[in-house]
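Got some structures for you, see below.
Common to both upcoming complexes is chain A, partnered first by chain B, then by chain C.
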Partner chain A sequence: MNANLMGIPALARHASRRVAVRRRAGFAILALVAVFALAGPFAIGIDPARQTLADTLMPPGAAHWLGTDLFGRSVLARLAHAARLSLGLACVAALSAAVPGVLLGVLANWRGGRVERALVMLADAVLSVPGLLLVLLFAALAPGRYWALYIGLSLSLWVEYFRVARVASRPVLAGDAVQASRLLGFGAAYILRRHLVPALAPVLGTLLAFSTAQAVLALAALGFIGVGLQSPTPELGLMMIEFLPHYEEAPWLIAAPVSLLMLLVLGMMLLVAEEDAP
Partner chain B sequence: MNNLTNDKAGATATAWTGILLRRCMQIVALGLLVGTVCFFMARFLPGDMATRIAAGRYGYDLVNNAAADAVRAELGLDRPTWLALLQWWGQIARFDLGTSLVTGNAVWREVAHQLGATVDLAVASMLIAVTAGLPLGIWSGLHPGGWIDRLTLASAVLLRAIPSFLLAVLLMVLVAVQLGALPVAGDDHAGSLLLPALTLGLGLAAGLARVTRAAMREAAASPSFEFARTKGLSDRQALVRHGLRQAATPVVAYLGVQAVFLVEGAVVVETLFAWPGIGHALVHAVFGRDVPMIQGTALCMGGVFVTFNLLVDAACLALDPRRRTGSTA
Partner chain C sequence: MTSPFLLAVEHLGVHVGARPLLRDVSFRLRAGEALTLLGESGAGKSLLAQAVMGNLPAPLRAEGRIALAGTESRAADTRARRPHWGRTLALLPQEPALALDPLMRIAPQLSETHEFVRGAAFEAAQAAALCDLETTGLASSARRYPWQLSGGMAQRAAAMVARAGGARVLLADEPTKGLDRHWRDHAVAMLQDVQGSGGCVVVITHDLRVAQALGGQLIVLRAGEVVEQGDTHAVLANPQHAFTRRLVATDPAHWPRRQAAAPGAPVLSARGLSKGFGGKPLFEDLDLQICAGDRFVVQGPSGTGKSTLGNVLLGLLPADRGVVHRAEGLGSTACQKLYQDPVASFAPRVSLARSLKDVAVRHRCPWPQVLQQLQKLGLAPDMLQRRPSQVSGGELQRIALARILAAKPALVFADEPTSRLDPVSQQEAMSVLLDALDERGAALILVTHDEDIAQAVGTSRWRLTQDGGRPDVP
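For the complex of A and B:
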């Protein structure tokens, strides 16, 4: 995560101040959600599965900050666990999509010719299926299992890294600095470490945050229509569909997972904010 | 990619073959990918496959181990996995999608029926997106900073920040439940298409308006547009003759990006509104572990997606002569 924090200002150098501020705000929001997901379950310390059937649908109070659901479970605890689950799964999927994606993207430029054409074809092949459909297919392979969702997510995410790495590494590899390094006899590992990583880090940092948020959204959408993770796992989409019937008597319930998801989307949109012509 | 022919017609032909080849390859990849996943899905189904097929043929009362073994030998179910996988791929290549495990009808017949509903929904939401997004985008691009521009920006950001499944529920609760104006879900009444189409269309319109605005601004700031004004064309003439076509290229290309949004949205929105399309069928096939239906609907959705992209490619090629002559990559 350190690389990301350093990467954003570097990226913003070319953008205006306003866009830089927006990107920083987006990153702050995403970081806030991440902290809630990481520290929340420990700080709250309530078992998200513990039912107290005497206290169902309690309004927000001192004991349960966000109230309780139909089974008297603490909504805040469930929200924190759901955030940890979604963000954790999404983060792992994004990371394991990023490594092969970036390496293959660089490899395509490095070797060029037949290798590049073959890799582009491979990326095109994966692009023939829209991302959510791919995740859905893998989710159907083993309903309610983490690994199926994880494979589907990483498989649909790696193409974006491949494309970005391929486009971004082209000018670097063709540049004078890399040519000089090669002439001096430095190997591939050195060029990768000293030339490509610094050049790609800012773009990839943004992309990593973006695709993590995208994966969280996909998980929530699948949970919401009932083909993702299964109840009683605390998951954002599942929580929303569980709380939806109570939207009139207990609107704070549905508001909790919805606001968390909206914060995530807002952070994502601010992060990839583009220069708006005035 | 290295287009060495200076002949313009030759270059055009090469560009067209390139597009067609790429999309054809995607169709093949789609079949392989979806086929493989569904093959393993079928293998993971509980129970013995030979017994299940024998029960389907002779009825559950008449099935014994001998009948199951006979079916196993006849269909080659005891062969190694890779051979069975090849056979599975062969069936897809012959467009043999099998029959639904739930309804017993041929999969292609069901899918063809559902495709109509999905196309209705897609066309309706595209119409909403185009009628709302394009004029707002063009106006905002020509009058940046005006109140329409600011309003469009604000609502576009708001709409993009709401995932389509939340927008669907929001519309259901506001329009259908509170106002009682339209049916909540299903396909019984004339107005039932409106809510799912609005859900998808509003999200599309938001993106379309922003991209159109940027493209229009760029076109209006370009030297060719300025020259058209200088040579005495009115604002309207310059816009229609020189501005729109130039601005159209990025907008049409953006529609290709939006195809993902449309297909993914169709799965979610159709399920929520119980709209009897392919996405709804896919999700219900997943619930019912109906592997032939999962495969058929996924193949069909992927096919629609690739075809849509092909059309967008073709439209870009027709709009932008630079792509035809191969002067840009």
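For the complex of A and C:
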């Protein structure tokens, strides 16, 4: 009966209209930030590292829309480059955590037994170290290097994908639909394509947005405490710590990277908005 | 103002937007009377119960008037009947096992209802709960959780909780769905007990035997409209409307007995087969042989390993001891299975056309031949654009049949393939299955709890027993 009721379009619309508005808002915010990150550096056309010591701490104006920092560098140009760096690195790290994480999760379920126990043990071992600490460890190996941050982030993020994929694929693999497909003579590739991928896609989409947001925040946190990327690379956390001493005389400076960070995370949270509990 | 009627419903209707889902239903019940609602799935029977309760989902609107124990209210006024919930008016929902709180033991759930709904003191409520459990034979399960109960026990427990508040009007939504004969009789006795103690019952069912046992009034619904209404025995003995006649004719008790085909070569044989779960043996030392054209029916109470036997024969589960031998030359896909819940047996997010095409390609079965098969099963090809959850259970079971026929099976294991369907779809699905198997000369293993279906269909019947002993052949 309930299945029949949900087939009535009015009911389905009723359930999802608010969510659709939120998703659209999230998508719009992310699109804006992405355009700013991709096209911003070219459109602004100012080298983010060019210092003009005569124009330090200028307020927002026609030449520099967001003003200049202590070394007279354009804050807008630095912000655009920082956005590109954060978004790019976070997306790549999340994606390269997702692929092995999901495959290992499915493998654990598929093979069961020792393979599953070993993988779960490994995941638990990684989980026992706080994620940021793991990134910090790698960052300390090669201070200021992109690859160290990237590997650290991916290594701390894959566990979530592994755990979610393992739990979400269990009912699918144990279900009648997969049993029927096996009886009909289909192999592993078919079951992955027709059963597992469609079942896992929605939950993985949500997870991808969350872990990208997590990676953006981790990068900023590392920059802020000075163990991530090093100056003069424009990076959100670095910019915050550079601007912090001037918050009284030039409050617009610290506001810029903080707002961008907030927009990025807000956009991703809205994108994966879920129905409120009734 | 005292009315002689306990429950009176006048011109009840349910709409979503401008679309009517249920139209103009009226009935009156005195104390001690019963009303049975019959009809296909999707005819609006459950909607009627929800409208009477006043818990329709938000976009649905009810119209008409409902008088409950002398208090009259508009059907649309959902708050008016809420104070009566549990006290005057109770609903026994479908799948009673899901209506119980899974995190609470049975006795506290029951005494809670006595205490808070009926208003008994704490000690008195506990005593009443224990007394209830005693009389329904659940005393030993008082400290168990709902998931530790069998289907029949959960059904009795849910019924007790529904009645504990002292409600005199009980609405029961398919109280016998999926129960075997023994538990069905139990459920009917429970409903008769409500009648006998000065209450009235409204029962939604597919099962004519339940209607006959309860007597009273009968309403036959089709697509939201009343097609026939009157005294149960009179209507069932002499149905006026064509649809009612069809409902009566499709009752398994009226199915013609199917001729046995001449047995062919052996397809599958088993020797010394044993299987148990958690130390409890389900069956031991089974020897059996299934030949082409055989219709091998497995019966028995729930939990005796009927499905397990089929799964072991198909190689889906390993046997504890013994061997299953397939005839020479049978491929790995020669044994196929039809599931109790067809929706669960299809990839949920893939269109039916895609699923069928994949199977046709895998088994080198030309697509036009699949379409022809679908037509033979009475299915329109445009239905295939939908997803599994968007077609009815009867249609989907026939599509599942077309899917396994594309694999050219020599043996089909059908695990309660029609127990979730209404009688009309049930008979259609069963007869197309049997016709298709006869045409191919394939064998059938059928698991069913319905004695009448077993009698009409089986060429050989096995009964598994509760104590894990050997099956006897009737």
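Observations on the model:
To be clear about the criterion, the second predicted complex is superposed on the first by the 237 of 278 C-alpha atoms of A that agree within 3 Å, B and C clash if a C-alpha of one lies under 4 Å from a C-alpha of the other, contacts with A are read in each partner's own complex, and residues count from 1 in each chain.
As a working rule, a residue touches a chain if its C-beta (ideal position, glycine included) is under 8 Å from a C-beta of that chain, and two chains touch if they have at least 3 such contacts.
Predicted model, so just to flag it, every value in this text is computed and none were measured.
Contacts of A:217 after superposition: chain B is touched, whereas chain C is not reached. Legend: residue contacts after superposition of the two complexes on their common chain; A:113 is shown touching neither chain B nor chain C. Once the two structures are superposed, chain B and chain C can be ranked by residues of chain A touched, with B on top. Look at A:266: by the touch rule set out above, it reaches chain B but stays clear of chain C. Of the two partner chains placed by superposition, only chain B is touched by A:244; chain C is not.
Contacts of A:130 after superposition on the shared chain: chain B is touched, whereas chain C is not.
Shared-chain residue A:181: touches chain C; no touch with chain B.
Look at A:139: by the touch rule set out above, it reaches chain B but stays clear of chain C. In the superposition on chain A, A:258 contacts chain B only, with no contact to chain C. On chain A, the surface touched by chain B in one complex and the surface touched by chain C in the other have no residue in common. Note for the complex: chain A touches chain B at residues 121, 124-134, 136-143, 217, 220-221, 224-227, 237, 240, 244, 247, 258, 261-262, 265-266, 269, 276-278. Residues of chain A touching chain C in their complex: 1, 3-5, 7-8, 10-11, 14, 175-177, 179-181, 183-186, 190, 194-195, 198-199.
On chain B, the positions that touch chain A within their shared complex are 22, 25-27, 29-30, 32-34, 37-38, 40-41, 44, 144-145, 153, 157, 160-166, 169, 173, 214, 217, 259-260, 263-264, 267-268, 271-272, 282-283, 286-287, 289, 294, 298, 301-302, 305-306. Residue ranges of chain C in contact with chain A, taken from their complex: 16-17, 19, 41-42, 46-47, 57-60, 94, 314, 316, 332-333, 335-337, 339, 341, 343-350, 354-355, 358-359, 362-363, 389-390, 400, 403-404, 407.
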